[in-house]
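Structure provided below as structure tokens; questions to follow.
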Amino acid sequence: MIDMGMEQPETDKTETVNANDTASPLLHESELHSRKERILEVHSLSKMFGGVTALDDITFSVEKGIICGLIGPNGAGKTTLFNMITGIYAPDSGYILFKGKSIRKIPVHALVKAGIARTFQHVELFGSMTLLENVLVGMHVRTRSGFWGAVTRLPWVLREERKARERAEELINFTGLSDYTHRSAGDLPIGRQKMAEIARALASEPSLLLLDEPAAGLNAVETEALGLLIEKVKKKGITMMLVEHDMSLAMGISDKVIVLDRGRKLAEGTPREIQNNQDVMDAYLGEA
Amino acid sequence: MRKTAGKVQDGTAVEGGIGMLNHMNPPHMNPIDNRKHRVGAGAPGSFLLRYMLPALLICLMTMAAWADETYKIGGIFSATGPASFLGDPEQKSMEMMIEQINAAGGIDGRMLQAVIYDSEGDPAKAVSAVNKLLHKDKVIAIIGPSTTPTTLAIINFVERAKVPLISCAAGIAITTPVKPWVFKTAQSDLLAVAAVYQHMQARGIKKISILTVANAFGESGRNQLLDQAAKFNIEVIQSESFGPKDTDMTAQLTKIKSASPDAVVCWGTNPGPAVVARNVKQLRMEIPLYQSHGVASPKFIELAGDASEGIILPTGKILVTSLLQDNDPQKSILEKYETDYMEKYKANVSGFGGYAYDAVNLLAKALKGSGGDREKIRSSLESIGNHMGVSGEFNFSREDHNGLSSDAFVMVEIKNGTWKLIK
Amino acid sequence: MQEILQYIFSGLTTGAIYAVIALGLSMLYSSTELINFSHGEFVMLGAMGIVTLWVHMALPLAVAFFLTVACVACTGLLFERLAIRTAGNAGHIELVIITVGASIFLRGVGMVIWGKDPFSVPPFLGHDSIEIAGAALLPQSVFIVIAALVLAGGIHFFLKRTLTGKAMIACAVNKKAAWLSGIPSSTMAVTAFVISTGTGAAAGVFIAPITMSSYDMGTMLGLKGFCAAMIGGLGSLWGAFAGGLLLGLLESLGAGLLSSGFKDAIAFVLLLLILYIRPGGIFAARDAKRF
Amino acid sequence: MKDTENVTGYSGNIVIISNRRDIAANAIFVTAVLMCGIAVQNTYYLQIMTFIGINTLLALGLNMLMGYAGQVSLGHAAFYGIGAYTTAVLSGTFGVSPWAALVCAVAGAVLVAFVVGLPTLRLSGYYLGMGTLGFGMIVNIIFREWSSVTGGSSGFVGIPMLEAGSLSFMDGKNYFFLVWGVVFGAILLCRRILSSRMGRALRSIHDGEKASMAVGVNTHFLKLQIFMFSAALGAVAGFLYAHFVMFISPESFGFMVSVKMVTMVVIGGMASVWGALLGASLLTLLPEMLHGFAEYEMIVFGLILMLVMIFMPQGLTRGLLDIYGHWKKRP
């Protein structure tokens, strides 16, 4: 399987190519010195469901501070890949390193604590809770009061709670949802729900944020707002991976793009490279 | 003439039955309670009020039906539930006796009034019933409950309230040690087991296996069987049990069969023992099968059918009244009870109803001249002697609040679908 | 050795009954995702029906059998129409509580109609047991096991070979898709109820001769059937069947070889272990996530 | 809707007590209990209310597990029984002070909940129901068969009355206050948990377990914790029951009691602390109010249960609020 990986020499190439300053004006010194530092490395990852190969020998890495787009036709294995990076599925073979450490056998919640957060393709907010509470739950791994804390309400618990709320409100402001703070999350319009999910994910103070089709179901105005938000998040130094079907969004904000097709990695490179890649065009046109 | 009034039936529902839902509790609505609900609902209780008020009124009306001149006597029976075979005839017997006593002019010119609740064989329900009797109905004495656990559950409450209780349950723990206010009319399992063992001894049976139902009745029987075995030179080589709702006991009986005892004793109440009888026949076990007085009713023969042939069991004399010799001192009482009961309810009498029959009679005796004073009732109950009842001859004393001796039981065998007295 | 055989015989007899009860539950679950906690009461109605029609009214056995099953199935139909359907979009646990209420209701009705006393039903096929290698076997037991197999086979055939059956499975797999392809899911639900309660009634008829029937016999049987269905894996027909037999065998062998007082506990411990090892039951068909 | 904020609760930025509505509810509750305690002289009514209190405790615990963590338990009566039997054996047989026995009872129930919950809570849906049901059955069989310690089917006699210094709880009124004091404490406790970090995580499991896991909640551990908490409440209820009746037997803690507990929670309204109180009251009072129906009681009871669920599937709390809302809207 490692041999198979060698068939795709672009991997190494793109890393260097990527160093070219892309259209994004946001890459500055802070990114420059950490550019080489890989926050996520995926090696020869494979996964089968029943007899179907969902992912086949995927290898790539994501550098700290960038936005990495993940595109591909339906059924390409993008969400499966997300599920494996977040620890929901274990790989059949291959491995994933997060900040240089293997994530194998680490439970989902511990990975969140380590710094991987995600949003869902179909919104999975806690519908009966308010937006504020949703964000507070997102902060779960960064707070620590438990049963006894709840029961005794010692000063430190109250302090923690107060801080958490302040921080949650900040995040809600940051995502531009302050009008909805005390509304129950299930009542939010769909566009806002997508943003709310990002706010909740940010609450866990991730260093890697996985966004699964954040623009799905959004209108053009909302999509634009979303793009701005993602850039704002990037400014905070958070690395992001983005599954997206909206090509203008994906290409517009990604620093690097990985193309998956039927479980295999088709290409990897800057958005411009990808747009000119023959394999990718074939895959998309072929699909269409 | 005043008629008996106020027969109130409490919750229905059953054992395993999802009667559960009534399980641990009680009561009528009361106004203050109602208010608490409104808080609970978080909304003004217009709905509650609308529906609860009628209930409240009904409740008040029942309370108003209280008259000063009557003696109020409480009854708690397992009229429904797994022990309804006990509670049902007991309740009927009590109602019948109270009616008779009132028809004969009451006691010291005062009528009796029965207030009867159903315990469903559930200790928690019995507790709520006894509190209702003690504090709401303010009875001067209580008859029942039907089973040992329900009786044990309420003993503390009657002792505290100082109200005489005449239990219809068999458990020894009820009157041993003696509690001042607690009496019972049912023959103890102790006596039934002794009767069985005497019979076995006469037949030369040495090794037995026992098969008991997994409830209070079976457990008490098992303890007695194990405790008394040595005294009669009998060895219990196996002790098995079955669930009250089990459908098949062949597994236990196969195990017993392979140990080849001289006899099997099954201790339970319908329908389990009838299944055991059938399974014994099915497995072709050629050894005597003894059953307990828990199945001493014609229903057992009906259920077990052919398989009941040759089964031996202890029973109060009521089952074999017609077979008794004319000079038997109990015979006339038994006949009267039998005919009265048959006439009123068109059903066969059982020994169980007799417990309540005796209890009412004993209480009536003690009530005479007491003027309703509970302590007087208690002490005169304690001094009753040579009282001939359905279950035997009662001789209460300070040390004995059951007052029966082993001649309360006779052994019978089932022959040709009917009872045969074993001399 | 002959004891073991005897334990197996009695285990299989009881197990076959549990299997038929589990079958009804599992069948209903697979098309409506509902566990009917009043299923045991339908078993009771079946047993009581045969008592009335065959023992008391002396109808021919076959007539009594079909009449009983038909009447109980009608009750099931009414139950679905009046209670489950009316509840509409209630959640699963609410529906379960409705079935709990129904079980109390039906038990109450049973008590009013048939009284508190138990009844006995003579065996369908002779009283005398056959002896096989020293172990006694009642013809009734053979009858029960065969009848259970036939019933399971029949339902299997119905689901897999007939159009209605296939439609039912389609409904179970995806209600919306089935609706889009023109399958009336409400008709399917009511069919499932009718078959399920009818099966329950049949179980009641089979069991009546080997034990005593009373208005409160159903709860325990329903519970055992529920366990059996879970062991086999909810929604799996043969799983439920195997689960029933397994439960019967465990109880019988547990009572015979270990302790009769703890026989239920032994059975339950083993069942729990099975659940821990295979969380979806032995024949896990589809996951039973919803409650 | 201006009301939304209040209805969904927990919204203000003050942590201590969530909002005014809660304080008001608590105040009304306390006043009502006090007034009942002072005004009601009849031991019978006091006793009924005491039973309601005990059942409320049971429902509260199970409601935390079912309503908020979304985990159904069909064997919860086991913890009720463990609490009752532990205190009975320790104080009745070994003469330990009941208060020390209470600590042991709660610790015992929590320990059992931990051991049982560890594997069982990995199951879900009906399988979880089945797993807990099996556990409940096994515990009940142990109560019945371990007769040298528990007194077997005949029950356990000789549980002492509670005393605190010179204060005896023999008096029905004292016991009433004790039980309702505990209930109030439990309500406050549940409220505190629900408005805390733990409670939010708990409610998030109910809304979506997958998402809850994905935002970093250790769902299994949290379910286990709340299982242990509800076991502890069950044990306290068992303790109060045992010392009140002073007699216990296995059938008071059987499968049907577990089902009754579930029914109380669902009828009252899941995920609502006041729902637990309402459900417990209804299921305690209803059989009592129905005794006039004699042998038809079971039928009526079953019918009421079905009708409530059919027409108020959200439970009485929600259902009554809705009715009130409709009624208020009418001119």
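Just so it is clear, A, B, C and D label the chains in written order, and each chain counts residues from 1 on its own.
Everything that follows uses one rule, which is that a residue touches a chain if its C-beta (ideal position, glycine included) is under 8 Å from a C-beta of that chain, and two chains touch if they have at least 3 such contacts.
No experiment lies behind these values; they were computed from the predicted model shown.
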Inset, instruction - Would you kindly count the fewest steps from chain A to chain D, each step being a jump to a chain that touches the current one? - result: 1
Inset, instruction - When you average C-alpha coordinates per chain, which one falls nearest the overall C-alpha average? Tell me, please. - result: D
Legend entry - Reference chain C; chain at largest CA-centroid distance: A
Legend entry - Two chains sharing the most contacts, counting C-beta pairs only: B-D
Inset, instruction - Could you put a whole-Å number on the gap between the CA centroids of chain C and chain D? - result: 32
Legend entry - Inter-centroid spacing, chain C versus chain B (mean Cα positions, whole Å): 35
Inset, instruction - Give, as an integer number of Å, the spacing between the C-alpha centres of chain C and chain A. - result: 50
Legend entry - chain D residues counted as touching two or more neighbouring chains: 144-145, 255-256, 259, 263, 295-298, 301-302, 305
Legend entry - Junction residues of chain A, two or more chains touched: none
Legend entry - chain B: positions in contact with at least two other chains: 12-19, 21, 80, 214
Legend entry - Set of all touching chain pairs, with the criterion as stated earlier: A-D, B-C, B-D, C-D
Legend entry - Residue ranges of chain B touching chain D (in the complex, touch as defined): 8-30, 32-33, 35-37, 39-48, 55, 58-59, 80, 117-118, 121-124, 127-128, 131-132, 134-136, 148-149, 152-153, 155-156, 160, 171, 173, 214-216, 218-220
Legend entry - Sites on chain C touched by chain B in the complex: 3, 6-7, 9-11, 13-14, 17, 100, 103-104, 107-108, 111, 116-120, 122, 127, 129, 131, 135-136, 138, 207, 210-212, 214-217, 219-221, 251-253, 255-256, 260-261, 263-264
Legend entry - Interfacial residue positions of chain A with respect to chain D in the complex: 86, 88, 107-109, 112-113, 117-118, 120, 124-130, 132-134, 136-138, 140-141, 143, 145-147, 149-151, 153, 157-158, 160-162, 164-165, 182-184, 200-201, 203-204
Legend entry - Complex contacts: residues of chain C adjacent to chain D: 29, 35, 37, 83, 86-87, 89-91, 93-95, 97-98, 100-109, 111-112, 219, 223, 226-227, 230, 234, 261-262, 264-265, 268-269, 271-272, 275-276, 279-281, 287-291
Legend entry - Residues of chain D defined as touching chain B within the complex: 25, 28-29, 32-33, 35-36, 39-40, 42-45, 47-49, 51-52, 54-55, 144-145, 147, 152-155, 157, 170, 241, 245-249, 251-252, 254-257, 259-260, 263, 274-275, 277-278, 281, 283-298, 301-302, 305, 316-317, 320-321, 323-324, 327
